[in-house]
Amino acid sequence: MKTPVVDFHAHVGRWGSFGMADDLETYLRVMDAAGVDISCINCIFYGEAHRNLDSVMPFVKKHPDRFVPVAYVTPRYLQDAIPELERAFGKLGARFLKLYPTYLGKPIDDPSYFPIFEWANDHGIVIMSHSSFFFEGDTLTMPRLFPALAKRFNKVRWVLGHSGNNMNGQAQAVAAARECDNIYLETCTSMAEAGTIEFLVNGAGEDRVLYGSDMPLLDARNQVGRIVTADISDEAKKKVLGLNAIKLLGLKNKS
Amino acid sequence: MAKIVDTPVIDVHAHVGQWGAKFRPASPKMYVDIMDAAGVDRMGFNCIYFDDERKSHNVVADWVSKYPDRFIGVAFGTPRHPDETIPELERAFDQLGFKYMKIYPTYYTKPVDDPSYDLIFEWANSRGIVIMCHSSNVADWDTLTLPTKFIGLAKRFTKVKWLLAHSGNAMRGQVLAVEAAKQCPNIYLEICTSFAEAGTIEFLVNGAGEDRVLFGSDIPLMDPRYHVGRVVTADISEAAKQKVLGLNAKKLLGL
Amino acid sequence: MGEVELHFKAAVPTFDACVFLGRRYNRYVRSDSVAGIIESMDRCGVGKALVSHVHAIDFDGEDGNEVLLQEMKGQPRLVPQFGANPTMDDAGQLIAQMRAHGVRSVRIDPKQHNYPFTDWMAKGWLDRLAKEGISVFVAAPQIEPDQLHTMLRAHPDLRVVLSEVHYVHTPWIFPLVRAVPNVYVEISRFVVVDGPKRLVDAMGLHRVLFGSRFPDSAMAPHLYGLHQMGFTKAELSAICAGNLEKLLGRAA
Amino acid sequence: MGKVDLDFKPSVPVFDACITVGRRYDRYIRVDNVADTLATMDRAGVQRALAYTPHALDFDSVEGNSYLMEMIKGQPRLVPQFAVNPSFDDLPLMAKSMKQHGVRSLRIAPKFQRYPFREWVLGPFFDWLEANRTPVWVAAEEIDPSEFHATVSGRPGLRFVMSQVHFMHETWAVPLLMSLPNVSIEVSRMLQPNSFNKLIDAIGAERVMFGSRFPDSAMAPQLYYLHRSGLSQSQLQAVCAGNLGRLLGKG
């Protein structure tokens, strides 16, 4: 069955400490085998904001039809952040912004993030943040922090990477999406309890769930497998796999 | 080039009592030999290993008696046995000639602003005593002696001079310690720590002012030569170095 | 346009090597019954599943194994696996029970049960299991890798299946499977890029087992991923069922 | 009155055996660039420093090491040390890159990278190190003492440097050094009273190396302590630069 497949959550940058390489050839081979058309890729490892997108761009330049660049900044070096956003969205064609409060060590609603949120709101961009609530105490990116942000910065479309990660977090993520129509949920996780995709789609609605893989840490074939084998309608599968992302990011639908 | 000066050098943070796991044997002679090598004039030490103030004070007094012109007795107070504490503090200051006191909430396992400490603080306030307390915030969990807790105490017990040992320990704690000193003129900062990030002394002196930072070593955990080294090699004025090394302590303790 | 299969079913006979049955004492799971397991198996074409009961791990082997047998009675597609603890369970009694019910594997949890996996702790017990041809399953987070390596060397007749190998274990899993021939890997959590392929390259085809750890992860996606991995049908058959059948069929 | 030197500079050449450069993913540090690092070395009287970047351990050796080389390019006073993850890295590729950049030492992090420090994991890596005569740095907090002792005692031909040894590690670190002649110590966190005298009494001065772990510690204070420890001039020279120079020069 042919249908557009957009991977909303993918990285570049090696993480050899845990066995992850990022060579282009493997990337494309796995995308092809999984049936993925486009991967939205970010890099979050460097303190110097420009280094992150600079690692992404060679992939995009080589295969502009397969990779979409995603910006990354951190408020730790705020002096770098806004110029980098200007460069990423103004010059390099970034389609959305990734945030990772876990590395900052502060919650997603920490005021140090606000200048970034304000810029994003002014430009009406999409932000994907890591989101997780495994257990009591895992609070930096718990999904229930997002509705207040989504209301305050209501021109931003907020994507919750991992949809809260495990079942505890998924319940909060679905509640957040129900509360705010500018909150979307992304699916990848290495937890992946049975019934996760069904829970997200039935809870948040099939229009607000986005397929993601966490490539090249996790294999896209397994993560696509989670969508296509879920107990949801074919229409919903197609939306989650790619149609929703195309709409959200304003990509061209080649079908 | 080298600039050897004769200046008062007073180590305000030292301990006595054997701690076999870390340093043995400890003896008054060994302390004096190390002080001579480091260029330390006088040293104020306490004993916090016994949950018994009387025993602590006896150990300290015995050491002081060996080199009374080099050693300064420091009292210890804990709320765990409240009926013993005040009489024993009175003995330490009135009969044994101790000059200031130390408290250690980490062993008491309650925060420094726990009401059970009020008994000690009220007594100290009535006499205008210097209280040195461990202060630390190296991670989110590390809150018992959070430097900002001392702001409320310093405003309530205004006659007490509060000396924050370790100045919050790691960089994140230092930020809070400087904030506390800025808000309260009766808060002072002591420098020793095994974290000792580059730029710490400069940060404390520039933040709290050169009149409110005091040299200490934590012997027998650490060697005074290292901590003297941190002061003399810091990027601050010579006048500031001399104040931190001893002039501030001399004034604060009325030596 | 991406080519995906929206109605996937396994193309080869499939025997899931890692399924758990039962309610948890500390959290809700979405599927906790025999009916739930069977339904999930039917959806993606899994023929058989090797099932442990969570009670046997979290509380007690004797009680948990008994509940397991009761609940799965009359379901030939579910193959029982016992939970066991060498510090508690007498090897003779355990083996007799297993013989009586045709159980060919046990699951151990050394970290949760607070014992070192060493000879001075478990030598006699393991010797008897090995002699009986019983395989031992253990989750990777439940064991010290160096202890496991030492024991695999010391007990060449013992077969150990390492389950729930996650990407955080990549630093030692490859050296381990290269160093010892009597360890198997169940792939339910090894969802890294090319995971099953890299394992086959490192350890050969016959020690890699499909498993899902249902319901803590969904059953079908692993199988879907395996089918897209580029294996031949014979390789796929070995990983999806043949290898496990052979392992459980080892003679006493 | 105490006698102190308010403008201290070391009296011997200094080669710092442990500094890092580069930003961190998880926290702010006060000095994260090469220019400020060199300014600090000037102030501290340190001529050369062996530098690695935490990125190469936290994330990836290939990218981290190349990040390091990019940062220190054209700075002969900063001597590169590469990080390696022997359970994952392509060793021939690593060798090529080391040769290209004249890198003479490596750093590993077994606990963080979660591999057992055992011959069955590291055998090929050890053979390779031995063939290339490459010394390896490892932080004390990355070591399980019994495991390290058992493995290293079987490899007398290798050279290890135990780095960042805190007083928490003193109970086992000194006996370990006494028992294993092929292990040296970098002293950035040896802050205990008389630590240098005790260390040199126990193992001699040849295996003791000054290091600062800058910028996680200041660079100069430990040099002050060393200069006030009553060492002979030749011991001081060996500890401050000679031992490290010799170790890196082998091969």
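First chain written, first letter: the chains are A, B, C and D, and each begins at residue 1.
Basically, a contact is a pair of C-beta atoms (placed from the backbone, for glycine too) under 8 Å apart; a residue touches a chain by one contact, two chains touch by 3 or more.
What you see is a predicted model; the values in this text were computed from it and never measured.
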Task: Any chain that touches chain C and chain A - done: D
- [ ] Give the chain pair, either A-D or C-D, that is connected by more C-beta contacts.
- [x] A-D
- [ ] Please indicate the chain closest to the centre of the assembly, with centres calculated from CA atoms only.
- [x] D
Task: Between chain D and chain C, distance of the C-alpha-averaged centres to the nearest whole Å - done: 43
Open item on the list: Can you work out the whole-Å distance between the CA centroids of chain A and chain D?
Closed with: 39
Open item on the list: Could you work out how far the Cα centre of chain A sits from that of chain B, in whole Å?
Closed with: 50
Task: Where chain B and chain C are represented by their mean Cα positions, the distance between them in whole Å - done: 58
Task: For chain C, residues contacting two or more additional chains - done: 168, 170-171
Open item on the list: Touching at least two other chains at once: which residues of chain A meet that condition?
Closed with: 18-20
- [ ] For chain D, jot down the residues that touch at least 2 other chains.
- [x] 27-28, 85, 87-88, 113
Task: Chain pairs in mutual contact under the definition given at the outset - done: A-C, A-D, B-D, C-D
Task: Contact set on chain D toward chain B in their complex - done: 1-9, 27-31, 40, 43-44, 166-167, 170-171, 189, 191-195, 214-225, 228-230
TODO: Would you tell me which residues of chain A are touching chain C in their complex?
DONE: 1-5, 18-20, 26, 30, 33-37, 167, 190-197, 199, 215-226, 228-231, 234, 237-238, 241-242, 254-255
Open item on the list: Give the list of chain B residues in touch with chain D in this complex.
Closed with: 1-9, 21-23, 30, 34, 37-41, 171, 194-201, 203, 219-223, 225-230, 232-235, 238, 241-242, 245-246
Task: Of chain D, residues touching chain A in the complex - done: 22-28, 32, 55, 57-63, 67, 85, 87-89, 109, 112-113
Open item on the list: Looking at the complex, which residues from chain D come into contact with chain C?
Closed with: 85, 87-88, 113-116, 118, 120-121, 147
